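What follows are several structures.
In what follows, chain A forms one complex with chain B and a second complex with chain C.
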Partner chain A sequence: MFPTLPPPPTPRAFLSDVPLRFITPPSTRKRKAAEAAIADDTLPLLKSATKAAHTRNATSTSLSDTPSDKDEKKKEKEKENTKQQDKLDIEHLTGFVSSSSSSVGQSQCPKKRGIATPATTTASMDSDDDFMSDMSSDDFLGTQGSDDESIGEDFGDLDTGFSDDKELISHQRQPFEVEFKVLDPPEIEREQLAQINNVAAILGLPPESAAILLRFRRWVQQERLIEEYISREDEMLEEAGLGTKCQGVAKTEVVNDFMCEICCEDGPDLETYAMRCGHRFCVDCYRHYLSGKIKEEGEAARIECPGDNCHRIVDSRSLDLLVTDDLKDRYRELLTRTYVDDKENLRWCPAPECQYAIDCSVKQRDLFRIVPTVVCACKHDFCFGCSLKDHQPTPCLLVKRWLQKCEDDSETANWISANTKECPRCQSTIEKNGGCNHMTCRKCKHEFCWMCMGLWSEHGTSWYNCSRYEEKSGSDARTAQQKSRASLDRYLHYYNRYANHEQSAKLDKDLYLKTEKKMTSLQSQSGLSWIEVQFLDTASQVLQQCRQTLKWTYAFAFYLERNNLTEIFEDNQKDLELAVESLSEMFEKPVPELAELKVDILDKTAYCNKRRVILLSDTAENLSKSKLIH
Partner chain B sequence: MGSQKRIAKELAELTSSPPEGIMVELADEANLFEWKVYMEGPEGSPYENGEFLVKLSLPTGYPFKPPTVSFATKIYHPNITNDEKGSMCLGMLRADEWKPSSKLSAVLEFARQLLAEPMPDDAVEGRIAEQYKNDKKRYEEIAREWTHKHATPA
Partner chain C sequence: MASSFAGKRLSKELLKMHEHLPPGITIVKSDALDEWQMDIRVLDDNPLYKDQTYRLKFAFSDKYPIEPPEVQFIELPSTSDTPRPIPMHPHIYSNGIICLDLLGQSGWSPVQTVESVCMSLQSMLTANTRDERPPGNSEFVAYNRRRIRDINFVYEDDNV
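Let's turn to the complex of A and B:
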């Protein structure tokens, strides 16, 4: 059964999206406008909605870069009065807005948290958390929240005049979406620091020691760490490489009658350093040692004292005292890397050169029933579970199996299917590359007839001229053969469709690269404005996204048990596929026809999107209830 | 930095008071980084009465980088490769285990100790390790034979 479709669009629903254009940073405006276009299913509503949007815009502040200042002034007064009412109505409609905007671009703006004004937070608390799913609430992070400072910075480029609108565009989380948050390197560092300081305060340790403890235990929950520390303090300090003596300040010294054990220098003015373990070396050697570890070995969290057989860990304060600034940066980078690697709720964005990490609470053990797709601030969408490109709705485990299978099978499967048969006894695949029908399996020495697959010995005198098609041994062998062929055919059925969508998505992507050109040319040929030709950009993005989804539905279907739920799944798949193909066709039309097709394309784009959301939601719900056993 | 100074000091110490069964000299007087080590087979081991030539190479990064130890004399041992390289795999000589304050005398003593007590679980020659564990008698026989054949001074 399909979930019920969202209620029909109204101008009001459109309203709530349009103002976004004016309050998001320039880079995301284009995208937002595109989303707005999808939110509107029917063109007739477009004009009135746009007008309304402008007027609404005017009520909040006077933005001079809006296209229609005249409109604004005209309606400014009347709108002022209805503003409050609008807000409530729009809120009522957010369900609709979300279903169309969610899948287009969930998270172009990772840093818009904290723009809520007191007046509206209570009214739309729920949706606040989910709005642009990467801006999850603080409590999602549990004890790690340390972003208070960052909120202040985020106000910078935003026009607070609109902040109340923004709250209203939030969308309800779909069943296939997960909560997550994008972290940039400074945020990750702040998170670490907050935990370190917290543990240090509770245990009464210097922060650099607390850091070593936390890293030693791979950033387990603080409660567990503290518990362990209390029950076996000395052993733990020893194991973590901290030793039990906690005293003194980190500073370099000149010591009488000193000879460095490493370089054997013994000048009277030799600066030396020792950690609390007392192993003293000259500062030059210490420095050289540390830089070797950091630069060449990429070590940071577990650099030991240079002393022979001493397992004490070099703490960050000692390090800060000894090494140069560029090494400190590298050191911090390495620590951050280990931090993200160690924490189960963090994962680096796999996009090349991307510095962000994603914070998501989905556990590895839940991956068979959740597909945690996340979208980085760099716009790369990937699976939090396996770091591969988004593979909704197929769970990671199946993706892995499928990819493995394709790697092993696909190139050859087609050829095998066309040119070979299996030995009726040992099932080895055999190619008949000439000669007579008397086959002897190389592997098991079984002798059979290539024509009827029956035992050769039963052929009696009719050797070399098989007419014994109905013989029992032959028909059994053929049944077995058919079975194995059927399973191969089944695989090829799904593989071909999977591969086809992959290929189409690539072509669509090429098309997308040409889209901007198309948009420009459409603009000049039809007299439409830039905003008004955005529908092409949107359509192109939706196409690619739907293809991506479709591709994986085939891999998924390959592993599905057959029951009534799979039928629903396949119906959903078929609906989406039809919609995608017809949108794809429209999209490829020559530029002059595109202007006329605008309404159709808008409709189809929104429809594709809806079908995708329905398919994914349905699948995710069944998956989470473990109904789709495979 | 004074790696020369450090090496010279270690060499002087090793020459003036060498550890038991070990004698060192530079392979070439002008080069501090290549050493020749003469190692006597430990008493009670199948290598007893043998004299093994061991090459000790120091990297330019010494003592921040670990030295390498290899047996120039052929030897039948689970932890020493049975080829012309005669490489020896010592845990303390791994880059991430090595400490700049570790001493060459300790390395050599450890290597000699390994002749007395092989560590079959960290073997480089699996077959010999297997034999050492399951058929120690045969292992000792062959080791003694090889010692006699390759490591006995004329």
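Let's turn to the complex of A and C:
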């Protein structure tokens, strides 16, 4: 069920016992100092934002473990312990197991834990709101505490130069990350069943009726369903297509003097079936009808009685009685599909052929301030809010607007910018494709000069030859034009950078495919072991991830107001950009040089990743307080 | 050609209609089991449809009656012996295509018959007072090349 499960981190076990952790080569030490300086440089600007202080702690304390920091950490560690379990989930699913978490003694079998804790899903659903507020306050402190350690460890491992470099992108929960869980189809079905049985037991209904009720109310919270049921039982049963109280077992019957209204067949031994609405048809027709609905129309949760104007829903017991086994499987699959579609906290992984669903409690209404990136067990990372590929740090709403804008505008805008001017009166865009300079706007009939944009009437007798550059009307028109061109240029500025990173990410992806080859040849040329050349793989992954982030920062920046926070954002962006470009350059060096560059690449990789984390954490924090967009 | 399931059902319907037909409904053509033609008249004196007869074409798939038949009005020129115009109605396009939820996958019930569909259309005409075509009629008629069953109608108007 978990084919992508990472292998247990056995090679690391002995490595983490080796006390090499604090042996730091001088070059690295220097860089650390430089980094601390950068962190101190940029971040004090954030004084207004309280959270920013924590970010700074997160980055600088990791480099110099002062005693006071350790005390603080201890406290935070306690808080953290309760959340450890969930964090482990994330680590597991993303395939990066850090040494800190493996020492806690986690189980190696995520499947088992999935079964053991179905309650967590239901529980978190009930207290979603608490959870949200929790996350925005305490949790941030908590994760930062543990973060300090993990970064310290990353460097320890890094400096030994032997361990699993994947840790550089270890997944401790940062402010920009959200909690989620990956579910496989059997788990989804179990979850469904648990809820159905629960509601059935509380309301004293047969499970199949409870299932219909739950599906009818699109799997709302159980409390709400039960409350509604108690206050208006009969109406609700009627609306859900259950009619009044249900009783008896589903069975087919032979009825005297019966003619099936569908096939008009009659006969003394015709097997018939009717649900509690009493609309009786022969079993054959019923079967035909149901298979048509399930196979052709892909319906499952809301198949109605074949009778005219009868809205009674065919329950699963009737269905089991009537249809063939292959259809039952399809039926259950469809039910699961509607279950996931209906539940706000579930979403299918959009990767092709992927059968997992993600359970995440971020609400649609919070999407303007949270970017819930999740990673499926199939390794596909996407946004839980909109199912698009990961688009940190830009909120879904802006992503949608940006993509729309790009689709409509970018090519056209380039052309417009190069080839047209606007009518000084009505701002219609005009292309001059020939003729003289005397323009008459087809829309508002304004007459102007193409050269100076001034009123044509002011040109007097100097027809076709504009020498009147100083006229007031002309300079006004030109200013207005500059303004509108400026906004176009602004858009193109961001678009070109966005598109550039998109393009580079594609190229890097090709590079990634070549990475393995490179690793093999590096291994044979330099005598390094397979584990020792893993750093290339890590670098390539980090490169990809950073490009992805950078790409979206440009779309994001297009929508930002000009203020201090934006300036900090752009500084962060610039830092990341520089780091990424220099890593990209190193990465492309010929194989013989790579072995020498190993330490540099490792350093740069870690640095890139850290810049990315800083940028995203910062943005996520400001976003969560609605400071960036209004 | 309709399968035996649809065929059996249709021959039974035919048998029943030969015995008795509601007023204003006549069978024009029912020799093949995949396409029938029916004539319908409006019984009251709604000025829009007074003294007119309309021709309906029913096309059955072999999944009938599980699947709805394709039903549309067809036109015979006013010069013919039996002129058949397309009735004026805000849910009937000028090419005879009808927008009625009853005839869509979701509104159809296998209990419906050719006869009941004819009666529903009779009453749909009777109840109408608006002498107009659906909005966007000309575009639809000019550009629609889809089969009726593939058109995604939106049934938003419950009044007519």
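Criterion: the second predicted complex is superposed on the first by the 454 of 630 C-alpha atoms of A that agree within 3 Å, B and C clash if a C-alpha of one lies under 4 Å from a C-alpha of the other, contacts with A are read in each partner's own complex, and residues count from 1 in each chain.
Throughout what follows, a residue touches a chain if its C-beta (ideal position, glycine included) is under 8 Å from a C-beta of that chain, and two chains touch if they have at least 3 such contacts.
Please read these numbers as outputs of a predicted model, since none were measured by experiment.
With the C-alpha superposition on chain A as described, chain C and chain B clash in the combined arrangement.
Shared-chain residue A:E333: touches no atom of chain B or chain C. A simple residue count on chain A separates chain B from chain C, and the partner touching more is B. After overlaying the two complexes on the shared chain, residue contacts for A:C285 are found with chain B and with chain C alike. In the superposed pair of complexes, A:C264 makes contact with chain B and with chain C alike.
When the two structures are aligned on the shared chain, A:P306 is found in touch with chain B and with chain C.
Contacts of A:E297 after superposition on the shared chain: both chain B and chain C are touched.
On chain A, the surface touched by chain B in one complex and the surface touched by chain C in the other have residues 261-265, 285, 288-289, 292, 297, 306-310 in common. Interface of chain A with chain B (complex): residues 261-265, 279, 281, 284-285, 288-289, 292, 297, 299, 304, 306-310. Note for the complex: chain A touches chain C at residues 261-265, 285, 288-289, 292, 296-297, 306-310.
Of all residues in chain B, only 1-3, 5-6, 9, 61, 63-65, 95-96, 99-103, 106 touch chain A in the complex they form. Across the interface of their complex, chain A is touched by residues 5, 8-9, 12-13, 16, 63, 65-67, 105, 109-112, 116 of chain C.
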